[in-house]
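Right, one structure below, let's go through it.
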Amino acid sequence: MKLYEYIIRRLILLVFVLLAVSVLIFYLTRGFERGFAPWAPYINEKMTAEQIEEVIKAHGFDRPLHEQYFYWFRDVFNGEWGLTGTWGLGLPANRVFFNRFPRTVELAVFATILTISIGIPLGIISAVKNNKLPDHISRIIALAGYSTPSYWFGFLLQLVFFYYFSLWGLPNLPSSGAPSIATRITGLPILDGLLTGNLGFVWNEFVHLILPSISLSFISLGFLARIVRASMLEVLRQDYITMARSKGLRERVVIYRHALKNALIPAVTLTGIFFASLLGGAMITEYVFSWPGVGQAALLAVGQGDSNFILLYSLVFATIIVLANLAVDVAYAFLDPRIKY
Amino acid sequence: MRSHVISTKNAVKTIDPLVVKNLKVWFPIKSGVIQKTIGHVKAVDGVSFSVKKNETLGVVGESGSGKTTLARAILRLVKPTAGEVRFDGINIPKANRQQMKTLRQKVQIIFQDPYASLDPRQTVSSLLREAMHIHGVVKSKSEATEKSLKLLRKVGLDEEHLYRFPHEFSGGQRQRIAVARALVANAEFLILDEPTSFLDVSVQASVLNLLKDLQKDLNLTYMFITHNLAVVHHMSNRVAVMYLGKIVELADKNTIYRNPKHPYTFQLMAAIPVPNPEAKKKEILLEGDVPSPINIPLGCRFHPRCKYAKEKCRKVEPNLVEKDGHFVACHSEIDFSAEMRTGESADG
Amino acid sequence: MSDKRNAKDTVLEIKNLKVNFHTYRGEVKALNGVDLKLCCKEVLALVGESGCGKSVTVQTLIGLLPENASVLEGEIILDGDNLINKTKEEMRILRTHDLAIVFQDPMTFLNPVLTIGTQLEEVVTMDKDLLVEAIAIEKPKQKLDFTDLIKMDDSATEPKNLKISRRETKRIAKRLCAAILSLVKLPDQERILKQYPFELSGGMRQRAMIAMALARRPSIFIADEITTALDVTIQAQILHLLKELRDKIDASTLMITHDLSVAAETADRIAVMYGGNVVEVASSVVLFRRPFHPYAQMLLKAIPNIENPTSRLEAIPGTVPEMIDPPPGCRFHPRCKYAMDACTKKRPRLKEVEKGHEVACYLY
Amino acid sequence: MQKDSEVRRGEWEARLADIKYMIHLFRKNPLVMTGTIISLFFIIVALLANFIVDPRLATTEGYTGGSYPFERKYMWSANHPIVWGPDIALHDGPEFFYLGTDGWGRDLLSMIILALPVDLYNAFIIVVVAALLGTTLGALAGYAGGIFDEAVLRITDVFFAFPGLVLALVFASMFGRSIETLQFAIILVWWPPYVRLMRGQVLSEKEKPYVEALKALGAGHLRVLFRHVMLNAIYPILVQATMDLGGVILTFSALMFLGFSPSKSLPELGNLAADGYNAIFSAPWVILFSGLTMLIISLAFNLVGDGLRDVLDPRLRR
């Protein structure tokens, strides 16, 4: 199969996945009498009973559930995605979402960079020094990473780097929130700051990113280190490593040229999926650090039973995950010449 | 032993236990958005032969010749694309459940890798017991144990081996266990798929001896598949040579080794290293690699590597033609007998 | 390397080599005093069944024993140096030049994600002498002949200017790789250099692997079961190639095989191993005509022979000894029909019974 | 001739020897041993929790009036011998809140001990149900192949494409706040990985010659799948399940922490942490110790799982 055919195949599957996700979420959020009424964001106090009636009719809230789904579908194709009531006002869900999304992207990028740059070396050390002290240490770090409750670790960081540092009069890191955005060009705050030359803002934003990034990557670098370790150990057992050594190659060359490329293939999957899931917002971390991303918004929306926002959020997330999987598969074909689609 | 007799209009003829007619096993290659079939791997591509009662038919071929697929197709472990496989008159590809059950009891297979063909988490005792249980040949556990022991002794193992796991045995012993399991439900026909290719020479010798003894004792019929021409020569009565999914030559052992008619057979024979440094060396090299069974050459499938290829060979595929029990699929039957090293002339 | 070597000179000598492996179940006494001599420019076949210690011998020789192994005693003398005492780094440097090995299954021993070119080039570029000499003899628009370079290896003595630019290295390495591939009879070298191992057939992969070994212009060429994973017709091609290369490569060959027929076809001398010992060494003609050691005798009778068919093969009774708790004395004595009292007490050492025919057995 | 009982003993001994070898491998690794000891310790404490803890230390009774929980001071052990409200007299002699008290004025150590059975029990239930569901479906899909396999795969695709936590949260918030809802919500997001894992295992296992040998022997599909393939494929699942015990404890408590707890006073580690969060700067010990407990339990299970992976690695057994 050609690569593009494979991609088309996967994209067709994506449509089905999105449909399934939307139906499931729709019924879960609208099918039960919890949270606020779906028409709440569309009305305000000034409206008369007739007006409210009209709004409800116009959006089909009086229809049976399966018909409501098609009303929602119509909204989606109008590009409105319905209104969200979580933030008190009837804001369009997509506006809320895409206002917050760049912040999530920023956090995801930072955390992923941090994860890769610590996780992969940790895994390699672990494998090369198998069952020796460095291995034990890096294994403990790795295992501790994903045995840690993420919110707890976030609080710990806040407690130490913000609270105690300021108590002790040390320069401290901000514990929560993010600076407000000055100008919007591309939408990504740091990039915009650089483009407009607003270095003060860039620094401020960066400083706010440090703790949430550390918190996120500490949890996930363990997974990465483990995968790298396992696949590296597997690769180091292979015959072609013996062959490389028998050629008289330096151990460094054996590990970095011959072993690493083979060993990184599974790590690519993990990193891809990890990055994708961060793009969907690290809910708990964003919540703990009050980072104004989509994860935090989703958490609030779930608490409110805000159907429109959750639907949008889930669909974007699903798309990202499917595309990330696809990207990983394509990357495989480049990393491993044997793989053909 | 029952004898299987069918009466035709004029004659009463004993049929061979295994008759294969024009068997084809094609694996589809799928591609594209809707995964449509764009081609086939023609692993077995029209094979016909029969195995006589109590004989050993050797099947030789290099990797990719389809010999293993042939074995699996006979046992219906893969679904044949076309053709018949008749065992005791029953067409295996179309056999019903009940017929299959008896077939599975009568026809058994021994695989190449004796370690991989035994469930690693079963002891010898339990795997033998299971084989008996499936076919209901024993009534009680103690009877099963008794029978297992008898068989283990028959294949050269002992009571002490009964409660061990496969990984505690050597390769030769594992293969003996596999043989014991195949025989535990009273099989009549064994397909031996490279049974000694994972074993050392001295172990191979003892396993081959065991197989010969068992054949004599239990009236077994063998189909012996291997790439080792010396082993097949030692074991077989008749030998079939496969190339790219087809039998190119089939004849009595001595005929085929002394008087091969197909250029491939001849060159294969010439390529065998001989355990004698003083033997006359023949530098007949078969050039090139075995082509893939996806793109089988037109005409005679051997012609791109054949020195004697003529125009006809490029266009028309030769049929397997019999002459005095010697089947050859070649347009130009060349007599290689003069060039063959034979048993008699070795020491002169 | 000494310049003048006689055909009878010993290039490599292994003396009383003992190697143990530490495992869960105990010490595996893999090598129990191996004695072996490799003469200049000869092909010596080391024959034995699995577990006899032939691969461990090779691993020790090239300094790539697994971590759980330890050399108890013995010497491996190459050019007057004892390899056992060398450091890891010294052994590595030795492997870049003097000791080249080719392994069994070319599919698993070639790195699947690197091209043949990359894997060959990294060998070529390690040897600065080779690059300099290649630049010296290359003629534009003419293919490099690698055999010329092999001849130069021992004769060139004057100090060389080892400074070559990176671009120059790349360029000459490319030409060298092509030259080596044509030495092993691989056609269309440019294309093959760009291909990945999985794109080649088994025979071509094996040739590529041989090329990687020859590129080092080794003085000792070790062929570890190189035809085992191949089909008969391909095996014949590779053995034929080896015969052709014999005179060109200027190396002594140590051929490891379990297949006596392959040894018979290629080797000048054959050493038979059993249970961690070399039990018999003789020229291949003599060994096949009149083997002395009971094990060698039985082994020869265990192979089915087309030329000399028997209705029954002679199997060796008993099983291969447990190397954790091997039988005392001669390790073959529990399976030997001639076993005497002495055999159970002390291990027989190799001794010359006829000229050039050594055997480790108390019968002689 | 042997009797049936003797047959069974022979089998049994063979399997015992196999297990002994595994234990040997297990013991060689100090990290794994530590993990095993710690997890066993926690399990034992959890089982005996109700006997260990003095109920008086774990009640909210001493807490009088005011709105939860800031009326009653969080207390730190070193300087605060137990003085339990005006009307409650405890044991003779001084006792200390070794880990301080929580927002309800309860002894934190006692609360953590009481939380152990809740968390461990939930983790076990969730993992067992998710693993059983996932492996059965995965095994059937992998073995049967064809349309059934395709259907199962597509369903797991959908679940993989979901933001897991959101699904669980939506589910939990829609069906009301009870432990059962939470369990169900977590199972909902936790079974698909088992499907994939088991399916992959079965796919590779069913290609092995021993399966073919069994078929040639006439063994039926059910026998091949359940008595052979699954038994050989189950080990990675065991590893995964062991490691998931830790993960599920974390997720479960995270849901509790995020406010999906059926009752704020329920002894549960996430609940305790949430309580501690309210006073993170004034009484950091509450969140510190409750989180640390989760970390240690989870780490212990992960260590065991990690070691199991090595021990059960078939390559070591050839």
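We call the chains A, B, C and D, going by the order they appear; numbering starts again at 1 in every chain.
FYI, contacts are C-beta pairs under 8 Å (C-beta built on N, C-alpha and C of every residue); 3 or more make two chains touch, one makes a residue touch a chain.
These figures come from a predicted structure and were not determined experimentally.
The chains that touch both chain C and chain D are A, B. Between A-D and B-D, more contacting C-beta pairs join the chains of A-D.
Our note on geometry: chain A versus chain D, Cα centroid distance of 25 Å, whole angstroms. Inter-chain spacing, taken between the CA centroids of chain B and chain D, is 52 Å. Computed centre separation for the pair chain B/chain C is 34 angstrom, with centres defined by C-alpha atoms. Note on chain placement: the centre of chain A and the centre of chain C lie 54 Å apart, centres being C-alpha means. Across the complex, chain B meets chain C through its residues 62-63, 170-173, 200-206, 208-209, 212, 227, 229-231, 233-234, 257, 267-268, 270-279, 281, 283, 285-287, 289-290, 341-343, 346-347.
Considering their complex, residues 29-31, 154, 157-158, 160-163, 165-167, 169-171, 173-176, 246-247, 250, 253-254, 257-259, 270, 273, 277, 280-281, 284, 287-288, 290-291, 294-295, 298-299, 301-303, 306 of chain D touch chain A. Interface of chain A with chain D (complex): residues 13, 16-17, 20-21, 24-25, 28-29, 31-32, 34-35, 131, 136, 139-140, 143-144, 146-153, 155-156, 158-159, 163, 226, 277, 280-281, 283-284, 287, 298-299, 302-303, 305, 310, 313-314, 317-318, 321-322.
Interface of chain C with chain B (complex): residues 49-50, 201-204, 231-237, 239-240, 258-262, 264-265, 267, 284-285, 288-289, 298-300, 302-310, 312-316, 319-320.
Chain B meets chain A in the complex at residues 30-33.
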